[in-house]
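One chain, chain A, links the two complexes that follow: it is found with chain B in the first and with chain C in the second.
Right, the complex of A and B next:
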């Protein structure tokens, strides 16, 4: 069951990612990216990271992608802009060859160690365990991230408001 | 359950696809989406490591990465809007004032 879920979700994640990169229209790119992000959320669920599954759906596939789609619609790109903005052939070829080389090298490294996961997750990924770690050992980082989010919010408003 | 290496391979493929998107596309919006893909690939690897070591720390890192990615998306998209106002385009090759 988990194996089938893994293969389905990884196929969807990779297919969505490839479509994101290759579609000419940024709106179809964004929608493919949503598919990929939801599939990664499913992969989190197979890793018994249930809280991350929820957060990924809410924050990433929900909030962030709504923001992206909103900006794409505000900009309202014309057809002629998109024609020059497709995948540029020489660059794409170069980047693909380079990443295929990296893929082959690292695939050999990973194939060496096929460690199986421990069968029992022992409550890993439950909200209790995550919250305990987050509000004790990682309290300082948590506060720093909240300041970062505030700064990002103010920065985004100032950047988008100002007339350059 | 599939072994850890399968998850790492998926994460690697996602990362490389995102990397190709950042390197080969000239649309600023798609480049931002490529960055999101790469962050997501790293998240998947962190979650897999966390599951195989049964340590919650990896999931905490994923949590923080998602928060930082949200901040990055907000600021990045604000920059896109500001640049579009000035240049009427999202083509990265047109944003070259610094090397003229």
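Right, the complex of A and C next:
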């Protein structure tokens, strides 16, 4: 069942991502991205990472995508409003393949290639494990990211308060 | 066949046979869905009847009382009518999104039932991130509402959908923060764990654990009312301004899905508040075994149903807020106050250790405060009833 779920969710995630970049209508594009994000949440769930699953749904599918769709609806973007990028089709394809290759190489270098998921990973992905890793081994990174987010938040408030 | 049965009974893991796994997967899906539909759908139906009867009583009307004894089968008749009705899709609507939207709303709310407990052992899935899961899965609802509003290609629907999205996203912050204070006090995100951290006597409930959680209960309740689009926060479907908001263009079964989701949400809200603040299924240690389980179910359902009644009561008593008042309440009052709550709860836990004498005294004092508040409310109601300039008040609910 895990394997079936994995294949279903993977297919949905990839299909959603492909539709996101190929749809012409911005709203269909955004909704395809939602499908992709929810499918990734499902992948987390099959890895028994319930916390990540909930966060993925809450933050991406729930909050971020609602805001994106909200903006699309307020501006009432249609197909004709979309600015066509000055890239021809083969060039765009080449660019995307190249960036995918770079990503794969980076993943290979930093993550040390393919690693099998440990079969007896009891408690892996649980909140306790996640919190222990975050607040001990990766504390510095965690704090740096927090400060960055705080700075971004203050920046957003300052920009919003500016009188135009 | 034998292998398949083994798979269902033992459910131990991958057997390596694709056909068996597929049947098993579909079978489990079918069981889960059937359980939800058999339990939840009649419940939402009966709540819809109860709400209409209560509303009618509050407005000196009779309400539906024809189908079945006291009209209790009204929901079945309504459901049948909705199935038989024509399923209209407006010509200019976005067909795919229009048809998909009600299901998204429905899934978001019915998914929450997967982690809601009914007793100590009766729960579909006790996730270790249960409290988070409820918030996450219900965040699919605004997506469905926006989709329905936009796809209807109608300005009332669009306005309703946008209002709803803004409202739900705003009120999710105070709701999550108030729940965070509870999680701090319980030390776990699992709904069952939160209930186990409380006790059966009111002084052991998180509601009376400390002054910050006491006020947090009210923020959480108000924020959840707003997230469920219930009056006084039903701006997305304000009848006097927006016809019926995002569901204006819907008819037949699709409309029924929206209504079903709204009443299912009543129970979800009530039981999450119950779990977080009112001690859930905790009962005094007087029984064992099956009796204990039944007792727990009764206690849990009773607390939740009282809250459901309060939500209905609020809906038919208070007028609707304006959009700016709704935003003001959230961002200027509820968000800072619930931040204060989280901080206050943390400090309280440092100063007053759990189970200490000071903590017990504070809990019982808070119980007294709660009792005297409800006593004051009762006196107010009695005075108003006495002063009311009506010939005779019919207080019999079944008249």
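Here, the second predicted complex is superposed on the first by the 115 of 164 C-alpha atoms of A that agree within 3 Å, B and C clash if a C-alpha of one lies under 4 Å from a C-alpha of the other, contacts with A are read in each partner's own complex, and residues count from 1 in each chain.
Everything that follows uses one rule, which is that contacts are C-beta pairs under 8 Å (C-beta built on N, C-alpha and C of every residue); 3 or more make two chains touch, one makes a residue touch a chain.
Everything numeric in this text was worked out from a predicted model, so none of it was measured.
Asks: Once the structures are superposed on A, label A:133 by its partner contacts, choosing first (chain B), second (chain C), both or neither.
Replies: first
Asks: Quick check for you: in the superposed arrangement, does A:6 touch first (chain B), second (chain C), both or neither?
Replies: first
Asks: Output check: A:91 vs chain B and chain C. Expected answer is one of first, second, both, neither. What do you get?
Replies: Touch partner of A:91: chain B, not chain C.
Asks: First (chain B), second (chain C), both or neither: which does A:148 touch?
Replies: first
Asks: Just chain B (first), just chain C (second), both, or neither: which does A:74 touch?
Replies: In the superposition, A:74 contacts both chain B and chain C.
Asks: When the two structures are laid over each other on chain A, which of chain B and chain C touches more residues of chain A?
Replies: B
Asks: Have a look at where A:34 lands relative to chain B and chain C in the superposition and call it first, second, both or neither.
Replies: second
Asks: Applying the touch criterion given at the start, work out whether A:51 contacts chain B, chain C, both or neither, answering first, second, both or neither.
Replies: In the superposition, A:51 contacts both chain B and chain C.
Asks: Quick check for you: in the superposed arrangement, does A:63 touch first (chain B), second (chain C), both or neither?
Replies: After superposing on A, A:63 lies in contact with both chain B and chain C.
Asks: Could you pull out which residues of chain A sit against chain B in one structure and against chain C in the other?
Replies: Shared contact residues on chain A (touching chain B in one complex, chain C in the other): 2-3, 51, 55-56, 63, 67, 74.
Asks: Where on chain A does chain B make contact in their complex?
Replies: Touching chain B: residues 2-3, 6-7, 10, 13-14, 17-18, 20-21, 26, 29-30, 33, 36-37, 40, 43-44, 46-49, 51-52, 55-56, 59-60, 63-64, 67-68, 71-72, 74-75, 77, 81-82, 84-85, 87-88, 91-92, 94-96, 99-100, 102-103, 106-107, 110-111, 113-119, 121-122, 124-125, 129-130, 133-134, 138, 141, 145, 148-149, 151-153, 155-157, 159-160, 162-164 of chain A.
Asks: With touch defined as at the start, can you tell me which chain B residues reach chain A in the complex?
Replies: So the residues of chain B in touch with chain A come to 1-10, 12-14, 16-21, 23-27, 29-30, 32-34, 36-37, 40, 43-44, 47-48, 50-52, 54, 56-57, 59-60, 62-64, 66-75, 77-82, 84-86, 89-91.
Asks: Name, in rising order, each residue of chain A that touches chain C in their complex.
Replies: So the residues of chain A in touch with chain C come to 1-5, 27, 31, 34, 38, 50-51, 53-58, 61-63, 65-67, 69-70, 73-74, 126-127.
Asks: Within the complex, which stretch of chain C touches chain A?
Replies: Residues of chain C touching chain A: 13-14, 21-22, 24-25, 28, 97, 127-129, 132-133, 135-137, 139-140, 142-143, 146-147, 150, 158, 161-162, 165-166, 169, 172, 189.
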